[in-house]
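One structure below.
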Amino acid sequence: MTARAGVVGFRGYSGAELVAILDRHPKVEPWLLEHRTDAGEKPRPQNAKTYPRVPCSAEVVRKERLAVVFLATPPEVSMELAPAMLEAGAKVVDLSGAFRLRTADNYANWYKEQHTQPELLAEAVYGLPEFYRQHISKARLVANPGCYPTAASLAIRPLVASAAADRSAGIVCDAKSGVSGAGRKPSLKTSFCEVTENFSAYSILNHRHVPEVLMNCGLDEKEFSFVAHLLPLDRGILETVYFRLSPGVDEATLASVYEKWYGHEPFVRLYEPGQVPDLHAVRRTNFCDIGLRADPKTGRGVVVAAIDNLVKGAAGQAVQNMNLMLGYPETEGLL
Amino acid sequence: MTARAGVVGFRGYSGAELVAILDRHPKVEPWLLEHRTDAGEKPRPQNAKTYPRVPCSAEVVRKERLAVVFLATPPEVSMELAPAMLEAGAKVVDLSGAFRLRTADNYANWYKEQHTQPELLAEAVYGLPEFYRQHISKARLVANPGCYPTAASLAIRPLVASAAADRSAGIVCDAKSGVSGAGRKPSLKTSFCEVTENFSAYSILNHRHVPEVLMNCGLDEKEFSFVAHLLPLDRGILETVYFRLSPGVDEATLASVYEKWYGHEPFVRLYEPGQVPDLHAVRRTNFCDIGLRADPKTGRGVVVAAIDNLVKGAAGQAVQNMNLMLGYPETEGLL
Amino acid sequence: MTARAGVVGFRGYSGAELVAILDRHPKVEPWLLEHRTDAGEKPRPQNAKTYPRVPCSAEVVRKERLAVVFLATPPEVSMELAPAMLEAGAKVVDLSGAFRLRTADNYANWYKEQHTQPELLAEAVYGLPEFYRQHISKARLVANPGCYPTAASLAIRPLVASAAADRSAGIVCDAKSGVSGAGRKPSLKTSFCEVTENFSAYSILNHRHVPEVLMNCGLDEKEFSFVAHLLPLDRGILETVYFRLSPGVDEATLASVYEKWYGHEPFVRLYEPGQVPDLHAVRRTNFCDIGLRADPKTGRGVVVAAIDNLVKGAAGQAVQNMNLMLGYPETEGLL
Amino acid sequence: MTARAGVVGFRGYSGAELVAILDRHPKVEPWLLEHRTDAGEKPRPQNAKTYPRVPCSAEVVRKERLAVVFLATPPEVSMELAPAMLEAGAKVVDLSGAFRLRTADNYANWYKEQHTQPELLAEAVYGLPEFYRQHISKARLVANPGCYPTAASLAIRPLVASAAADRSAGIVCDAKSGVSGAGRKPSLKTSFCEVTENFSAYSILNHRHVPEVLMNCGLDEKEFSFVAHLLPLDRGILETVYFRLSPGVDEATLASVYEKWYGHEPFVRLYEPGQVPDLHAVRRTNFCDIGLRADPKTGRGVVVAAIDNLVKGAAGQAVQNMNLMLGYPETEGLL
């Protein structure tokens, strides 16, 4: 029998992607949970597929025995809904930033508002399966990582952990994202005429995703520079990581470090020297593709990582986490 | 009376841009110089503007008294044509990489072919007016800078010269360019379906534009990392420069450094703290827009520079150089 | 001395285009008229060009002696502002639909609201210079045509007037526009992620621009079919017109009909048989490009017309009208 | 046991799409058949999925017992390969135009070259399952329809067959396609810089897909006008069909006509009045979405049809045909 998986925020880009992935998943059935403004729209075309659609409430979740609820909602809504969903017996995967940082102080510092659920914050497990698989499989509440930190952490952690990079010189992450990362709410910034044939930097050195990367990679903020950029395309994130090679490190060393970290990972694909990922390679997949380059003559190294921000950077990773939490094979519905 | 300015390679993107700029220039008249495959095409529509069109030969250049010839051609063609054009009495602005580096050895090292005109290479002046205005105004042969090095050098040189950046930690330049930078010749890489909704890195740590930046900024190759990326848009380059702040440097210091370097430059526009350039701001202009950010708490700094690769990165700067070489006001036809 | 030209709605796409065109116009100086929400924004970058900026009121217009005021505003705002601006002594070019139709009833029928200025409606002159040049030059109030009707009317009127088309079989106009035609106000429909890699039809057989075409071409609504489509690009309109050839009409006949109508027009360019306009050809120009095709074997004909919706379809044509109204050469500032 | 399905031309856009669809198909296994220039490329990334890859020859096809061979090749290559593949015991689905028309004369007329396999041409079945399902299921050789005719025929045939349209006034089909329809071979026409922010008409009244539509809909060439246009996007075709309503036909009549034709079709989706398909709705699906509009007051009607040119317009429909030819459920692998 299939489990029921509720989705709050199913009209947003991440939420809609979640529903599409869950629809293909052999072991679960997507249920749409209507919250506030999610008034019923007519399906288009008339014979389009539809899903069970119920109000988002603890009563409904308990009565319908939803096994898991995905919150594809803003942080303040996630903080409001998570406790009720958990109490109604569902496991929760939250796609917002509400439960990603470890302390309420750190949250207040980066998100500029008080955290209203500090106990849940303490309980939540950070949902990057490649690093925290064991904890995730036992968690009630998983904080799905930010899109930028997913690619950045997978790219940088092996460098730091293996000391292949000389972190004293600083590690730079230049990140570029498609527009869907900004959500579906209309704004001038994401209007077609403002974005097409344009490219811009934003959140220079102060993006709220930075603390996630520091946490995952064990870096100090003085060792890390991050700038986000907006690409004139729908979906995809590519990050270019720059670092100084530690003495004696060459391309073969780098390759073996990443092979050791990710050789058996189902959703990380390594490129051979001379090959580099691009966004087409990861589009609509749950893969994080990684390419490496080292130039021992100048002592400089570069790692390029690419993901689909709506899949490995959001909905796909959320389902990967759900698979772990419900005891399904980790890749179920994702290949 | 207007001077005649010949354009070789007028069918390419840079060449066509040159013709358009020269057409608006009050003191010159564009002449199309047909070289090899530039067979006559019918103008479209029938009443479109046309220009004098003659074979590209020393005889024609001499007889028609062209004051200047622009070579919007590949390096090997520029090496072939430059001597003849100079001998025919024209000044030459070469938009290729043929005459940008200082020695034939360095050229052979980066361009993987022998330089056939080492004496002219020695004579050529590098045409970045903001740095080399005096030399340009006396030159017969000017090497128009590469598109990437134009933005990179304008962004980085003040940092190095003022020691605002701690170069021992390395300077990173993450560069992104529109597709017109790759030229007009059809290739799979620049095909619409390969580029749209895509983004990729290329020439990782070994782009042939690197030595120009090193030369302009006085950097050693161990101090500089450069990766080029292909944006899914027509025109524009945005470069994000990362560095460690020297002790005591904050945003006000940075601002005053750049103000000193560029406060009187007609084609460099500085942004106030908190404002950042984007590609729309420089589209179809000869401006290089520069934004600054320093975070003394972490000791990190960022400079963002934006240009139109076909204007300040090619045809516009070529005309700026021509203005200097022919004794016209530097901004003539460019504002 | 230059005349002062006020622009209301200068933050919209048409308004901004107007300011840019007026800035290049040798005989006028743009003044920004702040209406309601047009609060002062800081220019970006700091040394960007700025213009006189004053409140939009009859007092200011009278005191500063503005010669003309452009209303790049919604119809209801235009109806409100036009009388005051006229009374303050300025001529008015309205870019909205407020004064394009001939009667208040027809307006109410298509715009679904009452017209509040029926006398001005009766006085207003429809501003398509190629057809109504004489009236425009004497007008106080000119209704600038809609973007779609500009291309459609220029393409269709010669067909009807010359009887080259057999109108009894109906004339079809399939129209495609870039996103800037929808204005700058953020909406889901014009969000990047909804538009990129998408294409859609809208206002099928009931677009409010239809009555302008009927009026200009002398067609009955039973003889005309019009569907608008949204292109995933910034600016440009291309319309494909289908009709049945009248007996004896071939490509040469068609060509001579259009040559007679437009051979001396400065802003209409005709293509030779086999050549067809596209949006790049008219981008950022005030031209309407027209291509023709007739197939006597099947008795079918096609006319393709292309304009830049923000120039010939809005701001450029508005300046063309202003030139006529103020007695300047019609092409001043537009070539 | 799964059947083996060979793909010739697997590097092209249609061929690659075919391999991807076959890969998801539970009953077949894709085999790559190398023809001429299909030299082996290294997979990217290193752990990417690979498929059996063998030379394209009758011997291999016979020995490996391929059940079906798809020819995603130019017409002249298809004419060369089809006989050999059939003789080797495989059924053949040809995606080119080689076997779509009924006579060698008609082929020569539209394709401007002689047909070299007139007997096979006579035997071939036109592969539009919604119209010719029974014949396809018994065929050895199926000619997969052109992308434009697929949408056009599905949109127009019910109009003609039911006499809901007054064909004496002519039927107009304005067709717009994404760039992948032009194939993967680099050309200036499909270069990014030429296509982005552009839109153009081509093959005006003489596209070689026209005879397929005439054949499928029973129209005479005097009754049909067709113009193709190039959209600045990757994949998708939208066609807008204009016609005069026969007396007494209204929107309800139209809806019931299409409901009767397509109500039970798995791959045609009908929209309710007021709703219209767009390209996002059909992207990466095998659906043809159809919207209807009738305006009895003016006697005009419009049908809008949308498909993904690489799926329902090529690879998806080819697999739909294969399902019929091999006795599988028609929707297998396609939903």
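Residue numbering begins at 1 within each chain, and the chains themselves are lettered A, B, C and D in the order written.
Going forward, a contact is a pair of C-beta atoms (placed from the backbone, for glycine too) under 8 Å apart; a residue touches a chain by one contact, two chains touch by 3 or more.
What you see is a predicted model, and the numbers here were worked out from it, not measured in a lab.
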Same or different contact residues where chain C meets its copy chain A, judged by the half mark | same
Weigh A-B against B-C on C-beta contact pairs and write down the one with more.
-> A-B
Outermost chain relative to chain A, judged by CA means, is C
Cα centroid separation, chain A vs chain C, in Å, comes to 46
Which whole number of Å gives the spacing of the CA centres of chain A and chain B?
-> 39
Centroid distance [mean C-alpha coordinates] between chain C and chain B, Å = 38
Name the residues of chain B that each touch 2 or more other chains.
-> 194, 196-197, 232-234, 277
Touching chain D in the complex, chain B uses residues 13, 179-180, 184, 186-188, 190-197, 232-234
Listed in rising order, chain B residues that touch chain C in their complex are 42, 44-48, 196-197, 269-272, 275, 277, 281, 289
Partner chain A, residues of chain B touching it in the complex | 169-170, 172, 174, 176, 178, 194, 196-202, 204-206, 221-222, 225, 227, 229, 231-236, 238, 240, 242, 244, 276-280, 283, 291, 293, 295, 297-300, 302, 304
